[in-house]
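Once you've had a glance at the structure underneath, I'll fire off some questions.
In this document, chain identifiers A, B, C and D correspond to the written order of the chains, with residue numbering beginning at 1 in each.
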Amino acid sequence: MAGEPTDHALERLVFFSDAVFAIAITLLVIEVHVPHVAHGSGDAAYLQALAYLIPNFIGFIVSFAVIGLFWAGHHRAFSLARRYDGGVVPWNLMLLGTIAFMPFVTAFVSAHQGARVPAVLYWSWLLLTAALNLKVNSFATRPPMVAPDLPPETAAAVRRRSRSVVLGAATAFAIAWIVPVAAPVGMATMPLWRWLLGRRVKRS
Amino acid sequence: MAGEPTDHALERLVFFSDAVFAIAITLLVIEVHVPHVAHGSGDAAYLQALAYLIPNFIGFIVSFAVIGLFWAGHHRAFSLARRYDGGVVPWNLMLLGTIAFMPFVTAFVSAHQGARVPAVLYWSWLLLTAALNLKVNSFATRPPMVAPDLPPETAAAVRRRSRSVVLGAATAFAIAWIVPVAAPVGMATMPLWRWLLGRRVKRS
Amino acid sequence: MAGEPTDHALERLVFFSDAVFAIAITLLVIEVHVPHVAHGSGDAAYLQALAYLIPNFIGFIVSFAVIGLFWAGHHRAFSLARRYDGGVVPWNLMLLGTIAFMPFVTAFVSAHQGARVPAVLYWSWLLLTAALNLKVNSFATRPPMVAPDLPPETAAAVRRRSRSVVLGAATAFAIAWIVPVAAPVGMATMPLWRWLLGRRVKRS
Amino acid sequence: MAGEPTDHALERLVFFSDAVFAIAITLLVIEVHVPHVAHGSGDAAYLQALAYLIPNFIGFIVSFAVIGLFWAGHHRAFSLARRYDGGVVPWNLMLLGTIAFMPFVTAFVSAHQGARVPAVLYWSWLLLTAALNLKVNSFATRPPMVAPDLPPETAAAVRRRSRSVVLGAATAFAIAWIVPVAAPVGMATMPLWRWLLGRRVKRS
């Protein structure tokens, strides 16, 4: 559809993406089911019922942080774009598809804490999401989409950040095979990867 | 309500439509229910539980792609519109209604893989959606809504694309009667229909 | 919060309202539960399962049309507003609350077709929604919110339309007490009420 | 990401927040489950089924009002901001996370009316939300985000209002320990706190 690359088309793409991010992040709560405690039970019974849901709370927090992180990255990358390019649409839709599916993998891993298959599925899903995120954010911060007057270093920093998310997800994925419960720790390596990628740039 | 056809009204219509598309596409995941695997089961039990959900995963992917396709078409058609016309509202609401109902037909066909009635219902629903989509996109790319300086060929291309979606859905619908599982293949004929419709235009 | 009545505040109010309308209208589908048909059943069993859901389909269609109607009215009224006034916020929130609750009353009436209490609840809820809708739309089409250069007749037409929705809902409510299933017919009297209200204006 | 603090980035942040508020407020209805009344029952059976849901209706109304209140405060604070600052993003995400989790605590307290643990959880959650709300709204109404020409008193009034929400939530939290059902009354002390905070300012 050459000929009508307007700012308006870019805005609508960003808007649609924001809406999907916002809905997926808010739908996470639906998978945390309310426990049934018998009428007239003491406080201990309620506390026990809540304790039983701890894996679900952790799942909610981890996935909320992860989707929030992807949204913040998308937000940052597209704030540097000025022109719409139709080529980004299929990649962006695939990214939104992986985000929209997060409530399922979250609920699956929360319901079977410590099991290997759900953890590996969760973190491989995140690795796929991170790879699509890198693709989309690179698209938005390169010609023809990127603002022409943007310092190349700013665009490079966005891509470096997206790459560090891929490496963090890969680390979590590797841990999930061995100690499923400890996999979220892998995401905490992200700042390390970002620092390493930043150093490599400075050296060259 | 003649007299106040403002750009703002057009923007709000587009916004509302985007929100419904975004919510419907993200709600698809709700119908993929988390399987319950007994605590302490081996990896094989988990993999089997996931294998059992394959029709649901396929349903999610097909419907996500289909709603994404309709959104992209709506996005494209309305990016060519400049003026609001109240006449498009009832048609657009009917289109959004068919989109909002997609999670139901998707869940119905996913839960009964290979059965004829759910497959025929799914693809006849898609045919209805495609017909409404053609109506709405034609409305947006014709006077009084269309940008007055738009090359007629650009508007014609949008309508041709919408027509090819109708023909693709009709093909899938026809296949659903005979081999229900193979119906999604019908959608893959869309590029063929678009090429044929394009040829017919060139010849004339 | 006198002193900062900006267009931006108005836009955000409209946006938030649109989002709630869009989510409520799309959530209606969640209450249409997928029937379970035994694997290997013939076409007749599937058709019977669908026939059993007809009240749910009707509920979806009626509530979709009703929410769509309220959205279109809100859209029209606020397209005539130019200035933000904080006084509209509590009324607008109450209107959105009644809209957000529609999926519950819809599901309740669909699950108990022909019963009087669910039908009376549904239509009294709609009457309340219509009254709040009239209040909000009147607010938006009167000073200080309304565009100063708007012909008074245009603003009056919006309010007349909102009044006809109240009268239509009241008619449906009255019918619900006597013949619960026939209540939706009451909404069809809306054009009649609009015509009558219009005549009264012309005469005076 | 110094160097690109654009109005557009601020708008997108506000938009994403609005979407999460709107979705969370509309999802509250999902936790109000439709009661099943036997076919052919009299009106009394239906009324009894509805009476049984009264705690759920109250939960819906209280949480709808609470989320609406937080949205209105966010709306007001950000309408005074002019510049984007990345530092607000993590705090805003945490605020949205507490809002998105409201449907769970609402459903938990509604299902176990009068029990202490669910009520204390609900109101401690609200206290946490109010604290994050105060942090985010203070951020938006201070340099570098706030409009430079804003009268300091207007910004101070927003923060005072946010503080009164914290104090109202703390009061409700304290009541929840003693008389769980009466906790919502604590929120009604908000205007009192606002008045007291306003007096303290005038005196100094």
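Points to keep in mind about this one:
The rule is simple: a contact is a pair of C-beta atoms (placed from the backbone, for glycine too) under 8 Å apart; a residue touches a chain by one contact, two chains touch by 3 or more.
A quick note: this is a predicted structure, and the numbers were derived from the prediction, not measured.
Comparing the contact residues of chain C and chain D by number shows a mostly separate set, under half of all numbers used being common to the two copies. Of all chains, the one whose Cα centroid sits at the greatest distance from that of chain B is D. Centre-to-centre separation between chain C and chain D, using Cα means, comes to 25 Å.
Centroids of chain A and chain C (each the mean of its C-alpha atoms) stand 36 Å apart. Within chain D, residues 15, 19, 23, 27, 30 each touch two or more of the remaining chains.
Chains touching one another, given as pairs, are A-B, A-D, B-C, C-D.
The touching residues of chain C, counted against chain D in their complex, run 1, 3-4, 6, 8-9, 12-13, 15-16, 19-20, 23-24, 27, 30-31, 89, 93, 96-97, 100-104, 107-108, 111-112, 115-118, 121.
Put simply, chain C touches chain B in their complex at residues 14-15, 18-19, 21-23, 25-30, 32, 34-37, 39, 41, 43, 46-47, 50, 60-61, 64-65, 68, 71-72, 75-76, 78-80, 150-151, 154, 157-158.
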